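Two complexes, one shared chain (subunit A), two partners (subunit B, subunit C).
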Partner chain A sequence: MRVKALETILTEKGLIDPAALDEIIDTYENRIGPRNGAHVVARAWSNPAFRDALLTDATAVVSELGYYGRQGEHMVAVENTDEVHNMVVCTLCSCYPWPLLGIPPGWYKSDAYRARAVREPRKVLADFGVTLPEDTAVRVWDSTAEVRYLVIPQRPAGTEGMDEAALMDLVTRDSMIGAGLALKP
Partner chain B sequence: MGGRFGDGAVVPEPETEVFHADWHPRALAVTLACGSLGQWNIDASRHARERLAPKDYASFSYYEKWMAALADMLVDKGVLTPDELAGGRAVGPSPLADRKLTRGAVAGVLARGGPADRPAQIDVAFAAGDAVRTRRHAHNVFVDGGHTRLPDYAAGATGRIVRMHGHHVLPDAAAHGLGDRPEPLYAVAFPASELWARPEHPRDEVVLDLWQSYLEPAT
Partner chain C sequence: MTRPEPVFEAPWHAQLFALTVHLNEAGRFDWPDWAARFSATLARHGLTRDLNGGDDYFTAWLETLETLLAEKGWAEAAAVAQIRDAWEAAYLRTPHGDPVSLDG
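The block that comes next holds the complex of A and B.
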């Protein structure tokens, strides 16, 4: 395997610490993932002042929760409503808000998603089993710079009495990319 | 590849599936660790993947592209010799060894990230709501065939400014060792009908983050 060979040479040259690689992998396998984003979304649903601050300056707000970091240095939150459904893609590579959502899923990095999300987002949503109302506009954000986008999905009906922890369970990774909707309770 | 036809269905996957093969996390980690050696920036590494031979770009898997691009950069920058890479054995230690990312430094490096905004004096030419047109060709003005972040599908298109993000490093320069050259960066919204022959819906739009030099006023 090519990566093993490269790791071996680089370790011999004193350029790589295999223990550091383990640490990076553990971080993204076990510590940083979409539950961070779900925490942010659930709080935005529960707390109007937090929501307003998030929409105004997402970087500052998520930093306070400890979710600043690599590939999340410049965050913008966009909110789904009855009028507009937001969806995020990176057609040029695979830009994604790592501190909030972790490592992007395979489909996000696929040629099919990168090629199609900008031209036929509704057909792509259909691949995820999602059909939008006819009068909802789709706004696709192509992440062409170092700005990373977090979609705040619509809060499902019937969740009025739920606390932040219960709401978090309804926030899927795909819903924060705009490729899905939040789960119904 | 934005807008391309023929790629087939998008296949959803469970949230618990982070990596798809044992060597994928290793490839990610080796790439990040090598980035810490400071021999290139994120724009150069993106360009290294883009400049793989088109047939390789099309046939390599995601992390195969990362590994091929990393090997190219390590040789280009003289971190490894072509013989070392081909032979799979190091010939002597590297003078860059004191920059090695250690286990203890990982958390700090990932937490600090690498912000792309820079202090800059360049005047902000556009305000939210202004109509702008992108460059006719999605090309690098400094280096023929060089890196740019204007996708082909949005070249020569007219949209409107949604917001200004601040002054950000210009990838077209930074990818080629030409300095940061920070410029105002804007989110620009384009009606789907401006980009596609058959838009799905009259009110759909695509928003791209574009640097000021990619744009001119549209009337």
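The block that comes next holds the complex of A and C.
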């Protein structure tokens, strides 16, 4: 009701166009989402030159694919390997790369997730059904408005012959924030 | 594939989100300024308790936007409260299923 009141007042003053609000909701609910990030990851898996460029200057590379805009700046890609598993948490807000991953889920924004991920990342991963080998280090990145991270999950075994479109289906949102792994084919 | 889950947990989260993005797109304020203000509100709310990332998050968002709009002189607190009450009355008097309107 408080939101409705703001809308009424701003519409009466001609500061907003109410029709535009539905358009924005539709865009973020249906067009901007983790599929964009999955596209980037699938290409990085398929194309070593693209992967290298992504790790060097992620913002430029994803912008070229058309994934830019509000909260799409200052991107850094980090790659999961046998040696290290990267995981991302958010300090306050405005740190989630909307153009690549859409709107973050509620749990990601909760204080509980952030605190636990920093303190006991392996237990949090276990809650997500992920058990890493003992000798894989877990690195937790604190995302901010100045640096927003995209995790490149490890490419699953058995995907050698798959093309980019098929690979995209294996890349989940959780895998791109390090709370999960890419799906097996 | 990923399990299906709504992008926004509640309709008012979506409305508030869209309103803020629209005001930014219309050039009413810039995003870094918004983010700094919102961060400050979240930090203040988070001092006393753990925030849940859902309603807590958007309650802080709404407070930030209301303060910003009041500062700009676009929506003073008293006017917002008055319209809010008018909407509440309209919802209460409108028969279930009919469109709700402020007129009448």
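Here is the rule we use: the second predicted complex is superposed on the first by the 183 of 185 C-alpha atoms of A that agree within 3 Å, B and C clash if a C-alpha of one lies under 4 Å from a C-alpha of the other, contacts with A are read in each partner's own complex, and residues count from 1 in each chain.
The working rule: a contact is a pair of C-beta atoms (placed from the backbone, for glycine too) under 8 Å apart; a residue touches a chain by one contact, two chains touch by 3 or more.
Not measured: the values here are computed from a predicted model.
Peer 1: Given the superposition on subunit A, are subunit B and subunit C in a clash or a fit?
Peer 2: Taken together on subunit A, subunit C would clash with subunit B, as the superposition shows.
Peer 1: For A:Gly106, select first, second, both or neither according to whether it touches subunit B, subunit C, the two together, or no partner.
Peer 2: Both partners, subunit B and subunit C.
Peer 1: Which chain, subunit B or subunit C, ends up touching more residues of subunit A in the combined arrangement?
Peer 2: Touching more residues of subunit A than the other partner does is B.
Peer 1: For A:Tyr68, select first, second, both or neither according to whether it touches subunit B, subunit C, the two together, or no partner.
Peer 2: It touches subunit B, and subunit C stays clear.
Peer 1: Mind working out whether A:Asp142 is in touch with subunit B, subunit C, both or neither, as first, second, both or neither?
Peer 2: Once the two structures are laid over each other on A, A:Asp142 reaches subunit B alone.
Peer 1: Per the contact definition in the header, classify A:Ala19: touching subunit B only (first), subunit C only (second), both, or neither.
Peer 2: A:Ala19 sits against subunit B, while subunit C stays out of touch.
Peer 1: Between subunit B (first) and subunit C (second), which, if any, makes contact with A:Leu6: first, second, both or neither?
Peer 2: A:Leu6: touches subunit B and subunit C.
Peer 1: For A:Arg119, using the defined touch cut-off, is the partner it touches subunit B, subunit C, both, or neither? Pick first, second, both or neither.
Peer 2: Once the two structures are laid over each other on A, A:Arg119 reaches subunit B alone.
Peer 1: After superposition on chain A, which segment of subunit B among 21-29, 129-137 or 183-191 overlaps with subunit C?
Peer 2: None of the options clash except 21-29.
Peer 1: Enumerate the residues of subunit A that count as touching subunit B in its complex and touching subunit C in the other.
Peer 2: Shared contact residues on subunit A (touching subunit B in one complex, subunit C in the other): 1-10, 13, 15-17, 20-22, 24-25, 28-29, 33-34, 70-71, 92-94, 102-103, 105-107, 109-113, 115, 145, 172-174.
Peer 1: Help me check something: in the complex, which residues belonging to subunit B touch subunit A?
Peer 2: Touching subunit A: residues 1-5, 7-13, 15, 17-20, 23, 25-30, 32-34, 37, 42, 46, 49, 62-64, 67, 70-71, 74, 79-80, 84-85, 88-90, 92-94, 96-97, 99-103, 105-107, 109-117, 149-151, 153-154, 165-166, 168-169, 171, 185, 187, 189, 192, 195-196, 200-201, 203-211 of subunit B.
Peer 1: In the complex of these two chains, what residues of subunit A are touching subunit B?
Peer 2: Answer in residue numbers: 1-10, 12-17, 19-25, 27-29, 32-34, 68-74, 76, 89, 91-94, 102-103, 105-107, 109-116, 118-124, 127-128, 137-147, 172-174, 179.
Peer 1: Could you pull out which subunit A residues touch subunit C in their complex?
Peer 2: Checking each residue of subunit A against subunit C gives 1-10, 13, 15-17, 20-22, 24-25, 28-29, 33-34, 70-71, 92-94, 102-103, 105-113, 115, 145, 169, 172-174, 183.
Peer 1: Using the touch definition from the top, list the residues of subunit C that touch subunit A in their complex.
Peer 2: Per the stated touch rule, the residues are 1-2, 5, 7-9, 12, 14-19, 21-26, 28, 31-32, 34-36, 38-39, 42-43, 46, 50-54, 57, 62, 65-66, 69, 74-75, 79-81, 83-84, 87-88, 91, 102.
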